[in-house]
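Before we start, here is the structure in question, set down as structure tokens.
Going by the order they are written in, the chains are A, B, C and D; count residues from 1 in each one.
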Amino acid sequence: MKRDRRRTSGRELLGLVPVLLVVGGLSIAALVDALASSISAEGSDAVGLAVFRTVLGLPGFWASFWFSLYVALSGTLLATAGAVVLGHRWCTRPRGRRTAQTLLHFNLGVPHLVWAVALVALLSPSGWLSRVTSLLGLDSGIDGFPVLVNDPYGIGIVLHLASKELPFVLLATLPLTGVATRRSLAQGATLGAGTASQIRHIYLPAIAPVLIPATIASFAFGLGGYEPGAALGVQRPRTLAVVALEWFRSPDLTMRHRAFAVAVVLMATVALASVVLLAMTRSWWTMRATPHRREGVRA
Amino acid sequence: MQITRRTFATLALGAFLAACAESASSADRSAVSSGPVPSDWDAVLSEARGQTVNWYLWGGSESINRFVDDTYGPVLRDRYGITLNRVPIADTVDAVNQVLADDQANNPRGAVDLIWINGENFSTLRDAGLLLDGWARALPNASLVDWANTAVNRDFGVEVGDLESPWSSAQFQLVYDTARTNVDELPRSYAQLLDWACAHPGRFTYIAPGPGAFQGTRFVKGALFEISGDASQWQQFDQALWDRWAPELWEYLHGLSACAWRNGETYPKDEAELHRLFANGEVDFTITQAAVGASALIADGLVPTTAKAFVFDHNSIGDFNYVAIPGNASNKAAAMVLANLLLDPSMQAAQIVPANGFGLGYAIDPAQVTEPAARRALDEAAAALGSGAADPSEMAAALVGDAAAPYQDLVESGWRRELVGGL
Amino acid sequence: MTLRLDRIRHQFADADHLLLDDISFILEQGEITCVVGPSGVGKSTLLHIIAGLVLPDGGSVMLDDIALDKVPTHRRPFTLLMQQPQLFAHLDVVDNVAFGLRVRGVGRKDRRESARAWLELVGIAHLEKRAVVNLSGGEQQRVALARALAAEPRVLLADEPFASVDASARHELQTLLLELHSTLGTTILLVTHDDTEARRLAHRMLEMHTGGPVESTLLSRQSRTAPV
Amino acid sequence: MLVLGVQAVSVRWFFPEVIPHSLTLQPLRSTVTDPNVASSFVTGLCLSLAVTSVAIVLAWPAARTLAGVGRGLGAAVVGVLFLPSLLPAVGLAMGVDVMLIRLGLAGTFVGVLLAHLVPTLPYVVAVLTAAFARRDQRIEAQAATLGAGPLQRLRLVTVPSMRGALMVGAALGFVVSWSQYTMTLLAGSGRVVTLTMVLFAALSGGSPSTVAVLSLLVALPAGALLAAAGRMSGDPS
């Protein structure tokens, strides 16, 4: 049947205005504010990069920066890799998928703060896991148990990010792992593709349109989320998000400029990382011949 | 059937929306008032009747929260016709910011009626001229306060004037576990603490000084007092004095950190974390500021029942907690009635009893209380301090006032720079 | 009642030629009229214009000499049977059929009773309580047919109604349509690209050509009932 | 989570006990009867429900339009909508707070509601758009030819046929709003206190049992809601 081609009318476009106004308006205003506040000098109206120079020159700034970048990158990498491997497995071996999905949804609903509290209760040197291992005589009590949370290597934060963002990435990509992807994978297998090359050449390109934004979003949270660093971090180095929030809430209002400067640094980092990621994955975008977006809806 | 179900759903939804509306507007339901004069106390009482007092206070201690709601709330309601709205905040800075924001917005009906406030936050609001003046010493119960004592009339070295009314007191103490540590082995000075820590590597730590972690700051200040040999000189701010002693302070703390929990690579960020480490046997001491020592912590299930507080022989910093009324408060009369009630001997007696869970000390000078019933209440309370409390005479002997406010930031930022070497 | 198309012209925004150029005809009452022609000639569009789903660039749809230009779809006394049955997945079979009565304010009990009668007529009364997603293609189209007729249209518009089902089901559905027509005498305008189907069902054929006028042919009863 | 569950019904459960020496409902009882916990629970619930309702109402027309527009415009709009999720959370919350102060809405219920919409709306729009795109839009045309007017179409056809997506969108919106900490902290200026904030305050001074009870109170409704929604949305294949 020939279907009427529709033009989107002006009236329909009006429907976009409220959401764009609320979300776009507030977040773009937030961006502008951050920029404006960070380039105005402390205590004067002059515009300049003085605040940036001060903040970037503070002792320990770069230690905090590299630490934040490292935990965000490792957390995101683990989460994405895990989501891809698990998603591919589910695509080829769908058993147990429903139960696991329910669990993942549950995890997604648990706020970051609570997840961090649970990790501490489980993994701290006097936490439940340590109690079990020392009961079983596997280590010599508190001192023998490895420091997994509030540790200087950020293991706790990385674990938190990996375990909390994996469900997010996986559930986001799930709608793209329907019948068509499954068929392509089966086809690939008959052509002799092993697990690794199936993932590399079929699965990843199929889920890329969602995987890449989801990865960026999870990286942005890893870098700019307050809760994991606050609950699972150490005093040295602290994540930039924790420092920024402390400065923003300081009674000394000039500290707000510094807080915004840190926010701008974080935003720039996310932007840079996104550009790098998009450049690295360009082949997937151009390679995609058929969109899988609407598959599996009406067989 | 269909209709009844729908009617029921509609009713339930309506009731829920009403509850929502209530919760959304409860913060703003107060009458406009100008500043009453506390010398005409009857006028204050009649103006306060029917008001809601929005009391902003740190909400991190559930026992304090419960005490405030259960002890002051009913009396305010039944005796004075005042509704108590306790507004819990994560840090007093939030209340300060609220007052500043109301002022910037030229809002004459500010949200904050009374703040539990101290030190730096007090001087911020005081310097901005945003606090109500001329009321604290005119409260009826203010006669029980020892205003001549410098620990009372100076808040972190800042003149309290007539801007703040005391509420309670606190003193820095360490807590140990009698089941684990022998009382004769306890360190009794910072110097001995260093020896103890290095004899028991990894068994001591303290709270990282910083916003919301004033106990850690206080620990460091105590060290500064001992090293410099004279606590009283820190009552006035003197940059040169700080520059003279700071290097020795950092040197001491570096030495301590080499023997500390996890070699000082990190420190607990707040009281709760240190309590957890102590309770689970990761370290051997925790910190408290309560008059009842460890008793309140025991009652809350934070530490083992065998925990007990103790003080060093000298330089145990104590201070008073104050309440202040912002100049733009909407319910000033009710705020005054509450501030006066806080000083009532029966309330003061109630707050030190461990069973009540509040755990802070007197704001009044008990010696000034002569009325027999009140006298008896105070005596009974003193007798019930519990097994977790430190020896009161040792505490009194070691008590010193806190340093002037500007040192707070020097200690906190200096500690972060020197000990942590980071942001 | 007379349905008349008066000089209908229509062009899509992105097309460079007129899709429908000056189409006029009168629909004979009580007859089955089949519209045939190559695909892309605008047969479906013509039905959509009559139903009011598409507003023509020129010309009018006239009912009893009154122009329907300003009358919105839901006030026009026609129902449209689409190629896909377009059943309401959230309603069961009987409520799907009762839909047209429901929007006209008929009470729950009455409209269900009436819907059951229609299900009886299309031969699927036993499926009344079923969820529509569990029905076969032929059964779904029967529900759609019952639903369209239950709304008591003055003209039933059908757009390739049997094209999406398999050959045997299609034949059964065609037979059903003929039976229903002989009992009810509903005026039917049916679009098909299948010449055999048109010859089997139609009293009258309208042939459409690209950009040209329609040709109307009256078929003899004999050729209409010829075996397929 | 299980460890938290046990911790919620025990007191003084210290190392090295693997299983608490005694179980008690006391922390649970004293926490849930704390009027402050109750009122912040109600505030949080009202806030998240209000955010969800507003988000659905705003997202509905937008999603309808987005499902029909071409890829270019669609991608641009989706890009703007998801901009906040690509920004560092702390920076976004700080910027939004400054905006709200300027609008005079900081510390008000409405202000926090607006702030929550920023991270919430994109998800709701995404869920509804996907559902609209997946749907055969001709179902409304079909209903119209059967005599249903615009409002009847909305009530009897569009909304019921979108029920699944609406529930999933609402659940997701509720959960995103319910979990906000930094945003609520800054936009609420300590005046709009949700359960998450009470939990954070308790973390710096409360007992492990109370923290555990509060954690469960915060996590369970959201987790269960999302798990249920996930089940309902089902497997796309």
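By our rule, a contact is a pair of C-beta atoms (placed from the backbone, for glycine too) under 8 Å apart; a residue touches a chain by one contact, two chains touch by 3 or more.
Here the structure is a predicted model, which means the values were calculated and not measured.
A.B. asks: Show which chains lie in contact with subunit A and also with subunit B.
C.D. replies: A chain counts here if it touches both subunit A and subunit B, which gives D.
A.B. asks: Relative to subunit B, which chain's C-alpha centre is the most remote?
C.D. replies: C
A.B. asks: Among the chains in this structure, which pair is joined by the largest number of C-beta pairs in contact?
C.D. replies: A-D
A.B. asks: Once you find the CA centre of subunit A and the CA centre of subunit C, what distance in Å lies between them?
C.D. replies: The separation of the two C-alpha centroids amounts to 53 Å.
A.B. asks: Just the number, please: Cα centre separation of subunit C and subunit D in whole Å.
C.D. replies: That gives a centre separation of 46 Å.
A.B. asks: From the mean C-alpha coordinate of subunit A to that of subunit D, what's the distance rounded to whole Å?
C.D. replies: 18
A.B. asks: Based only on mean CA positions, could you tell me how far subunit B sits from subunit D in angstrom?
C.D. replies: One centre to the other, that is 35 Å.
A.B. asks: Please output the residue numbers of subunit C that touch at least 2 other chains, ranges allowed.
C.D. replies: Subunit C, residues with two or more chain partners: 53, 82.
A.B. asks: Where in subunit D do residues touch two or more of the other chains?
C.D. replies: 14-16, 136, 200, 203, 208, 211 - these are the residues of subunit D that touch more than one other chain.
A.B. asks: For subunit B, give me the residues that contact two or more of the other chains.
C.D. replies: 94, 97, 276, 280-282
A.B. asks: Please name which positions on subunit D make contact with subunit B in the complex.
C.D. replies: Answer in residue numbers: 11-12, 14-16, 27, 30-31, 34-36, 39, 42-43, 46, 49-50, 101, 104, 106-107, 109, 185, 189-193, 197-198, 200-211.
A.B. asks: Mind listing the subunit D positions that touch subunit A in their complex?
C.D. replies: Listed in rising order, the residues are 1, 3-4, 7, 14-18, 58-62, 64-66, 68-70, 73, 77, 80-92, 94-96, 98-99, 114-115, 117-118, 121-122, 125, 130, 133-134, 136, 175, 178-179, 181-182, 186, 196, 199-200, 203, 208, 211-212, 215, 218-219, 222-227, 229-231, 235-237.
A.B. asks: What part of subunit A is in contact with subunit B in the complex they form?
C.D. replies: Of all residues in subunit A, those touching subunit B are 58-61, 63-64, 124-126, 142-143, 147, 150-152, 230, 234-238, 240, 243, 246, 249-251.
A.B. asks: In their complex, what parts of subunit A are in touch with subunit D?
C.D. replies: 6, 8, 12-16, 18-20, 22-24, 26-34, 37, 94, 97-98, 101-114, 117-118, 121-122, 126-128, 130-132, 134-135, 141-142, 171, 174-175, 177-179, 182, 213, 216-217, 220-221, 223-227, 231, 241, 244-245, 248, 256, 259-260, 262-264, 266-267, 270, 274, 293-294, 296-298
A.B. asks: Could you pull out which subunit B residues touch subunit D in their complex?
C.D. replies: Going by the criterion above, the answer is residues 16, 19-20, 23-25, 27, 56, 58-62, 65-66, 69, 86-90, 94-95, 97-98, 101, 104-105, 111, 212, 270-272, 276, 279-282, 300-305.
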